[in-house]
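Structures incoming, each one as structure tokens.
In the two complexes below, chain A is the common chain; its partner is chain B in one and chain C in the other.
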Partner chain A sequence: MKDLLTFYVQSLKTSIMSTFQYRTGQAFYILGMMAEPVIYLVVWSTIANAQGGSIAGYTAGGFAAYYIIWTLVRNINIVFTPYGWEWRIQRGELSGMLLRPLHPLHYDLSFFAGMKVVMITIWLPIAVLLTLVFHPTFNATPLSVIVFVFALVGAYLIRSMLLWLLGMITFWTTRVGAIYELYFAFELLLSGRLVPLALMPGWVQKIAAFLPFQWTFQYPIEALIGQLSPVQLFEGLGMQVLWIAGSFALLRLVWHFGVRHFSSVGN
Partner chain B sequence: MFRIAWLFFRVGTLNELQYRVNFLVQLLKSLITLGTGIIGLEVVFSHTTTLAGWTRPDLLAVMGVYTLMGGLINISIQPNMTQLLEDVQQGTFDYVLTKPADAQLQVSVRKVQIWSVTDILLGLGVLVYAVTQLKEGPGLLQALMFVALLIMGGLMIYSFWLIMTTGAFWVVRMENILELFQGVYQAGRWPVAIYPNWLQVGLTFIVPVAFAVTVPAEDITGRLTGATLLETLAVTVLLLALSRWFWRFGLKRYSGASS
Partner chain C sequence: MTDSSAYDITVGDLYKTYFVPEREAGLKSSLKSLVRRKTSAVHAVDAISFTIEPGEVVGFLGPNGAGKTTTLKILSGLLYPTSGVVSVLGHTPSRREKDFLRQITLIMGNRNQLQWDLPALDSFELNRAIYRIPQADYRRTRDEFIELLDLQGLIKKPVRNLSLGERMKVEIAGSLLHCPRVLFLDEPTIGLDVTMQRRIREFIAAYNKRYNATVLLTSHYMADVETLCKRVLVLHHGHLLFDGNLADLSDRFAAYKTINVTLEDASVDLAAYGAVIEHEGERSKLRVSKAEAPRITARLLSECSVIDLTIEDPPIEDVIERVFAQEQPVA
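Right after this comes the complex of A and B.
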């Protein structure tokens, strides 16, 4: 356990230094990413104002707050892409990782976590700018901020593992493009990324309640902007823990069979 | 000039036609993108009946134009400009310069991603459906104008992208700026009228999304004014001239990949 911790600390350090070299590229990428939430923000603020001030409990200021925090959560959600698995296998990188003592998941978790550190420093000034332009209304409490930090970690872990699971499909077939696109489409609609789930029809919300998507996206946002009661905050954390445990268990299972299949075909 | 373009088009298409499965894959991707777009529209219209004066069929028309224009960009403009950027970075751009045809022509028409035709077909489909839903369908003149506006919008996007990519002669790592463009282009999903004024200016004159998507949609939905039409024509000519000038400026300064 102590070794694992040492590994993470070292890996984080390396990742931060490595990512820092590409900070300009990162900055442009984050800027380009702003288009999507700004568009949603403008559309929904327009509708809210036209409908007498608010829709489903969100005012124009509420939407602004939602979509500005959206930008942070979206960046936290960036993890190793399932499309990268084919690349990794073809280049022999996966074989190399299998020779090392730690489960390859830890490499991805630690590397991308390091990237987040650099990302947050780039994000902060952009967020300040967005706040000045769009006038969000926040109702954050100290409790909600603390829960938010934990929720971010939880979101990161859940999405890392879910996308790892998706990536492992590559062990059995390389025709994965359609599956991934379909997954991302559902995620877009059911996670609170397109719109806060409160604006979706009731039956969509019911379906979303059984899926992990909203715990990676909407829950952290709502935790910070002050939409949730303390009870709901802790319920949300509980759900995250549940999904972390569940996806981890599934990951170990699929990995066990996937690696055997991989080795039997030859490196 | 057109013979060369047609030749590249034929060869590129014939090459791609070998991989027919890619057509299905691309079709699926286009359907998913269109599907989420339409769902987004439906969510909007479950909460309101108009958006900045645009009704549901109006916005469906915008989505149709957006998808259609996206298809045109992905068939020709995007693959060619991406290849150009790669060539400049790898040094293989010199091979283009050794050929007798005009360099700008070559780098603009040599690549074709024909399977993106799915976006054109889907976009047209959505557009036709939207038109049937409008109170006043477009007349023949409007339809012809629409085609002209599409072509002009396409030329503007091409010029803009060429100007950006020409920047690679100096700032070799241009990918990030191009990624910025991809993000901004998404703003075209909605009529630019909904954005704050300062943003509208940016979306019209800095990245010509407004001209590429909103203006043709305005024509179809009967909102087009004569002033806008003249503006579109003027900006198209201006951008084409500017991109050509900048390209030749860049070529003169280009020092080549070897000594």
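Right after this comes the complex of A and C.
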């Protein structure tokens, strides 16, 4: 455990240094990323105001809080994608990783976690600017702030493993991009990324309840803006733990067979 | 049955078969392949057996597609063999146990494992954490490699700013920081200039001597093999054609010898003794059949005024080509 911790610390440092090499690029990347939530925010705030001040319990200030925290959660949700898997296998990088006495999942978890440090540093002034412009309404409590921190970690782990599972399809096929695009469409609708799920039809909300997406997006956001009761906060953490455990078990299984297949056909 | 405990590497009756999709050119064939996919079996490794003792440096020779890299990948655990026995340091490589992976390294001349944007020193630190190298050991080994490979001016520059040869040097140093007992080197000098090739060869030889490491090397540069390897394995179309000393290979398969002779009289016609392949003043170079070489040498010495005479084997590349032409196991 101590050795693994040493690796994580070193890999985080390496990732921070590596990401920092492209700090200007990262800043523009984050600025570009802001377009999506700002559009959602402007549209829904306008609709809320037109509907008499609120819609599905969200006021203009509530939407502002939702979409400003959205930008942070979106950053946390940037993980190693299936496109990266295609590239990794084509370039033979996976072979190099398989020769090291450490599961490659640790590289990705630690490397992308390190990137967050730089990304959040760049995000902070943008968040301040958005706050000054859109006047968000927060009802956060000390408990919700603490739960939010854990929820971010949970969201990161769930999304990392889900996209790893998708990426591992490349063990059997050379391209996985199309499947990822389909997955992404579902995720967009059912995670609370496009709009809070409360604005979706009831049947959509019912489907979303059985899927992992909202625990990676909407739940952490709602935890911080103060939309959830203490019971809902802990239920959410429980759901995240369940999805982490489930996806980890599935990941191990797929990895076992995938690597065997990869090693049989070679690269 | 071979006692594998005496060897670092034991390979018995190893096979690796790939099934590769194939079709004719054109749209029609492309559509047809959607419905009925044709594959053909490629026997990349075909009934190979050999053993390697601790500390041996063995060269893997063969043309492209001979099965060298496939064999190295099987030995390092990247590929599952189709059948056969493989043991490296008492481990079955395909299981990729951590204890096994900590004792080996596979260096491929065209692959880069270092962090592209960072100085190599940062990648070295990461490798220290991955391989759990104690700080004191890490510093000692790192400094030793920096000295041996002359890396002082390179390790603080981002890897992307290094030349191909410089990158290869830091790549090798980074891959050996954990002091592996077995090195699989797949064309480690590919694309490098002769000075850099020599530097890397010297380093590999020094590492082998210092750590008694077992080295299995593939290279298309015969200088690598001649300098480093006493023993060679010659592969062709997945078959092991020869397993023995490099010198024996030359003795057994050289079809001719080269006689370099310097005469007092430059006007003597040497065509009667053999094929004159070079002639410059008093110095000539003759190609003669291997069997005839002693007799022709005796004739030259008795019939001409010889100032100097040497007999050479043909270049090893020619010998290897001759072995490939045989296509049958010869040892």
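One rule holds for everything that comes next: the second predicted complex is superposed on the first by the 265 of 267 C-alpha atoms of A that agree within 3 Å, B and C clash if a C-alpha of one lies under 4 Å from a C-alpha of the other, contacts with A are read in each partner's own complex, and residues count from 1 in each chain.
Keep this in mind: a residue touches a chain if its C-beta (ideal position, glycine included) is under 8 Å from a C-beta of that chain, and two chains touch if they have at least 3 such contacts.
Just so we're clear, the structure is a prediction, and the values are computed from it rather than from any experiment.
Is the arrangement of chain B and chain C around the shared chain A a clash or a fit after superposition?
Pair status: fit.
Give me the angle at the C-alpha centre of chain A between the C-alpha centres of chain B and chain C, rounded to the nearest 10 degrees.
90
On the A-aligned overlay, A:L132 touches which partner chain: chain B = first, chain C = second, or both, or neither?
In the superposition, A:L132 contacts neither chain B nor chain C.
Just checking: does A:E36 make contact with chain B only, chain C only, both, or neither of them? Give me first, second, both or neither.
first
Once the shared chain is lined up, is A:M1 touching chain B (first), chain C (second), both, or neither of them?
Neither: A:M1 stays clear of chain B and chain C.
Using the superposition on chain A described above, determine whether A:V231 touches chain B (first), chain C (second), both, or neither.
Touch status of A:V231: no partner.
Which partner does A:R260 contact after superposing on A: first (chain B), second (chain C), both, neither?
It touches chain C, and chain B stays clear.
Report for A:S95: first if it touches chain B alone, second if chain C alone, otherwise both or neither.
A:S95 sits against chain C, while chain B stays out of touch.
Between chain B and chain C, which one contacts more residues of chain A in the superposed model?
With both complexes superposed on chain A, more residues of chain A are touched by B.
After superposing the two complexes on chain A, what is the shortest C-alpha distance between chain B and chain C, in Å?
The answer is 8 Å, the least C-alpha separation in the overlay.
Same chain A residues contacting chain B and chain C, which ones?
No residue of chain A touches both chain B and chain C.
Which positions of chain A touch chain B when the two form their complex?
24-25, 28-29, 31-36, 38-39, 42-43, 46-47, 50-51, 55-56, 177-178, 181-182, 185, 188-189, 194-195, 199-201
Would you pull the chain C residues touching chain A in the complex into a rising list?
So the residues of chain C touching chain A come out as 18, 70, 73, 76-80, 94, 96, 98-99, 101-102, 104-106, 108, 111, 113, 115, 117-118, 122-123, 125-126, 128-132, 158.
Give every residue of chain A touching chain C within the complex, in rising order.
Residue positions touching the partner: 3, 6-7, 9-11, 13-14, 17-18, 21-22, 92, 95-96, 98-102, 260, 263-266.
State the interface residues of chain B toward chain A in the complex, per the touch definition above.
Those residues of chain B that touch chain A are 25, 28-29, 32, 35-36, 39-40, 43-44, 46-48, 50-52, 173, 175-177, 179-184, 186-187, 189-190, 194-196, 199.
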